[in-house]
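Consider the two complexes below, in which chain A is the common component and chain B and chain C are the respective partners.
After this line comes the complex of A and B, so read on.
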């Protein structure tokens, strides 16, 4: 275990940040610190807005991850031996999140291209006739942007899993009389899911912590956890800034739980294979 | 046998991928695009691009490029160093290292930033380029450790033993065997680390304290201020280097015979 020490370099800055956050959360560091107090921690943990924010963030992250995985799995099967189309599919990787959020705004907002196409088809009479897909409580625009941005990573992962022979197994199952549906659900999907699970968990954790996309596309009620944290961190009332640290620690705990699940999955998988 | 895709799949994929990028391109050059027009009107307007002659935007661009370069180089050194040190360790240690690397990658930037901001204030680095650089190094080093672990996983270490049995010193093995073999991967690593820094918003905004301004931070400000055209131009400028990097990585993988 001593040889794992270099890896501790990775966590040191995160640990320093978390330690300062912990100190700031109890009033021992940061602007507005007035000595030990649990008031900010209790205020955050007892506020319904906090848990609504956590629930909304996790829900939007889950839905976006699920849709992106479903699309990636379908697309990967059809892109498996199409190298040039694979190159097209990874293009969103080159677009930074903040740029992708602006693109989503231009496409799905009430004055966006989609709304204009619907107007041209005679289905609406004015921009307001188009449903609000950005800044909406359902987070439709945000989910759209998340899915578009994460699709390439997941489709590349799915292609890599299928290329290890999963697709051939499905073909063997077909020759043995399985219907396409049976071959997919009983042969392809189990190994596809086993291979993709770590990437899926990583995507979910990443989306839950995203800041710039919610900043441009998410509603103000409920606030995404990252936006709520930012709002508190720049609060003109210095005493309330400690609440940002409590929220930050809450987000770090959530992420740690997902990373732990990821590690158990990966490590368990390796153990099983060895 | 190639699985047969429905006829609608490839055209739909092309639209799904290209539409958002095309929207940015059109918005960046369109003189006007009033509702309900489906295409822009009034021809091309270079106004947004002239905005890049503005000192504020130009300095943000230079700041982004500088930060990406030094973050890429430093995170590549750290990532390869950490992953290299983990090669001969137990599987449990490697799993721990990978989990820590992943945690630093997916840790919410805003959660990281609020803690690091207080640390940087204590170190008198808040609102400085050094502070922002150190903050960018956290996720970038995580990415590079994961990347380098993959590289070392496919690395043929028997070449080291052969060079040693032929009389090479450890230094000679490093400079004449390891570095030449890892060279292209190191270049890709610098590129990858640079890209992680290139897109950062939350860490820059909080640790930079509004003093260190990068292009993504300016882009967010433009869009919030309602200047979509300048925002779209900045978005395209932001997209170009990662696009080139993807192209270079693809060319490199084709040269080495690996699949994308």
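After this line comes the complex of A and C, so read on.
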């Protein structure tokens, strides 16, 4: 019972919000509510735009998370015994997401610093010859900004995991004759991954719901899920605002599914060991 | 960002949320609601604006003294914020003993916030006393019964409002019925840089020719300004705004949409990024224009070119141009919500915003450049001359040209339908 209390404290606000959203999604609360209806739910679930949006958001979130994790793992091994460099590596953490997105605009847009440098170096005919990296359908600029912003959080986690003895284990493996590659993939990586999985999931779930950075960097088509949700929440047709709640719940289901999958996977792992 | 921050919690909690994810907003609201932050009314008894308005004006002023007005408005422009916080607020304090606190709250989001407040605690949960609204939001708030009134015609300064102007007396064709008080008027204009574009197009066909001759140098944003541009084109391409007046009909809308979408299809391949993506908002438009990625930006305010050049956001020398077919003008208003804790203070503020002092200050090019809703001819000297001199700037458009080319907004359903169809048929449908 005592253990259940913190969990309850964590879950209750989410549950209240989700319950209200569920009520608003079926026309029982919120602006434009006129009694029970499944129209908003059906409209959202049957719209190809919804699934394009979900697919794009999940893809961009996954790619950004994967790149950030890979970079963090590599960097963490190097940073483990370099305390002053660690401080530099976590610097982006202090930068708000909006500021980071604006910085990305300044840096990688077609009129940005990078474009001007490339132009000055004579590599492009005109600044507009620089590839479109913001508002682009591939979300390159957005992934870049996501990675930069999430890297410190993941690198700190990776350093913490390595510091709990993983690094020593790798050294032991090496003295026992493992090649560096074997030592990394057989010893370091499994324990790194196990330790980092919750942080990786948190990053992915966060990026799926991120609003500020897509608002500044994402294309208008496909629309990021958070932008689509916001558009619906201020729709000029009040009855359609319920669709924002459906989309919000869809995002909740999406991230909850990933978390549950991880819980089952790691729980299964525990069982397998015992 | 924008959640119930501790510093803001002191005043009202729920309503400050501008977190764009409704799930989160609702959740925070629910939490705030459960900690009981009902709106304390000034004398304990909330009174509706209509009831307050029935009293003699001197009583309203007396009732307002010593109170605070929470005014929710768009806070995205530093120039407007400076006018409100640095000019209006000190005068309200010294003249009427009313504390004005302007806080963020975009009108489309205010509808959601007010509905949630009503669900959370009925008329007692109110925190906002005055709101900046217009058009579709006014229609939504009327249909959801979120506005208090009538009160606006009781303001002493309402006597000098320009009642002849069809743009002020009707908000998107809806009679205001005293449920909102006008405080500014703006007109859509394209903005260009004469150094880059010495001969800008002055008509819709000329604009199309220009776009085709300059591929990749023109676009519009996805939000209100972009939609105003598209509506302006729709009127112009379909034989004038008159064809759309007198309420919404599906047939008229479809005819207008056909003309507009055909025009867009013919120029879109020459849009910025071939029309496959559109800037998120007008701020992004200004950025692209200033960075020379595009050659036109646009604004719902004909004087934005004056103020934004002075702020250094748009390149020096930028100019505004109106299309000969006419451009959309609309007024913006202030309204009092049904659960306002301080309607008397809100009315005193609304009245002050209509004073010639406040209107002329607001119109100045180095302040905001927001057009007046008063008829200067109804005011004693020296006011007419002061209004004429307020936007003395080389970039300002002449008053008679603005008046000649101003076209009113039509029923909000045209806006809603066009926005939806544009998103589905054009934005989502890369060529």
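Going forward, the second predicted complex is superposed on the first by the 253 of 274 C-alpha atoms of A that agree within 3 Å, B and C clash if a C-alpha of one lies under 4 Å from a C-alpha of the other, contacts with A are read in each partner's own complex, and residues count from 1 in each chain.
FYI, a residue touches a chain if its C-beta (ideal position, glycine included) is under 8 Å from a C-beta of that chain, and two chains touch if they have at least 3 such contacts.
Not measured: the values here are computed from a predicted model.
Superimposing the complexes on chain A yields a three-chain arrangement in which chain B and chain C clash. When the two structures are aligned on the shared chain, A:49 is found in touch with chain C, with no touch to chain B. Within the superposed three-chain model, A:219 lies in touch with chain C and out of touch with chain B [touch as defined at top]. Taking chain A as the reference, the larger set of touched residues comes from B, when chain B and chain C are compared. Touch criterion met: A:109 reaches chain C, while chain B stays clear of it. Of the two partner chains, chain B and chain C are each touched by A:252.
After overlaying the two complexes on the shared chain, residue contacts for A:94 are found with chain B alone; chain C is out of touch.
When the shared chain is aligned, no partner comes close enough to touch A:133: not chain B, not chain C.
Once the two complexes are laid over each other on the shared chain, residue contacts for A:208 go to chain B alone; chain C is not touched. In the superposed model, A:236 lies in contact with chain C only, and not with chain B.
Once the two complexes are overlaid on the shared chain, A:266 sits against chain B while remaining clear of chain C. After superposition on chain A, the stretch of chain B whose C-alpha atoms clash with chain C is 129-137, while the remaining options among 3-11, 75-83 or 129-137 stay clear. For the contact definition in use here, the residues of chain A common to its chain B contact set and its chain C contact set are 13-14, 16-18, 20-21, 24, 29-30, 96-98, 105, 111, 127, 209, 211-212, 215-216, 226, 229-230, 233, 244-245, 248-249, 251-252. For chain A in complex with chain C, the touching residues are 13-14, 16-18, 20-21, 24, 29-32, 49, 96-98, 105, 109-111, 127-128, 132, 135-137, 209, 211-212, 215-216, 218-221, 226-227, 229-231, 233-238, 241, 244-245, 248-249, 251-252.
Residues 1, 3-4, 6-11, 13-14, 16-21, 23-24, 29-30, 75, 77-83, 85-107, 111, 113, 115-117, 119-120, 127, 148, 156, 163, 167, 171, 202, 205-206, 208-212, 215-216, 225-226, 229-230, 233, 244-245, 247-249, 251-252, 255-256, 258-260, 262-263, 266-267, 270 of chain A touch chain B in their complex. By the touch criterion stated above, chain B contacts chain A in their complex at residues 1-5, 9-10, 13-14, 16-21, 23-24, 27, 35-38, 78, 81-82, 85-86, 88-93, 95-119, 121-122, 134-135, 137-138, 141-142, 145, 198-199, 201-202, 205-206, 216, 219-220, 223-224, 228, 231-232, 234-236, 238-239, 242-243, 245-246, 250, 259-260. Only residues 1, 20-24, 26-27, 30-31, 106, 108-109, 111-112, 115-116, 119, 136, 140, 143-144, 216, 222, 273, 276-280, 284, 287-288, 291-293, 412, 415-416, 419-420, 423-424, 427-428, 430 of chain C touch chain A when the two sit together in their complex.
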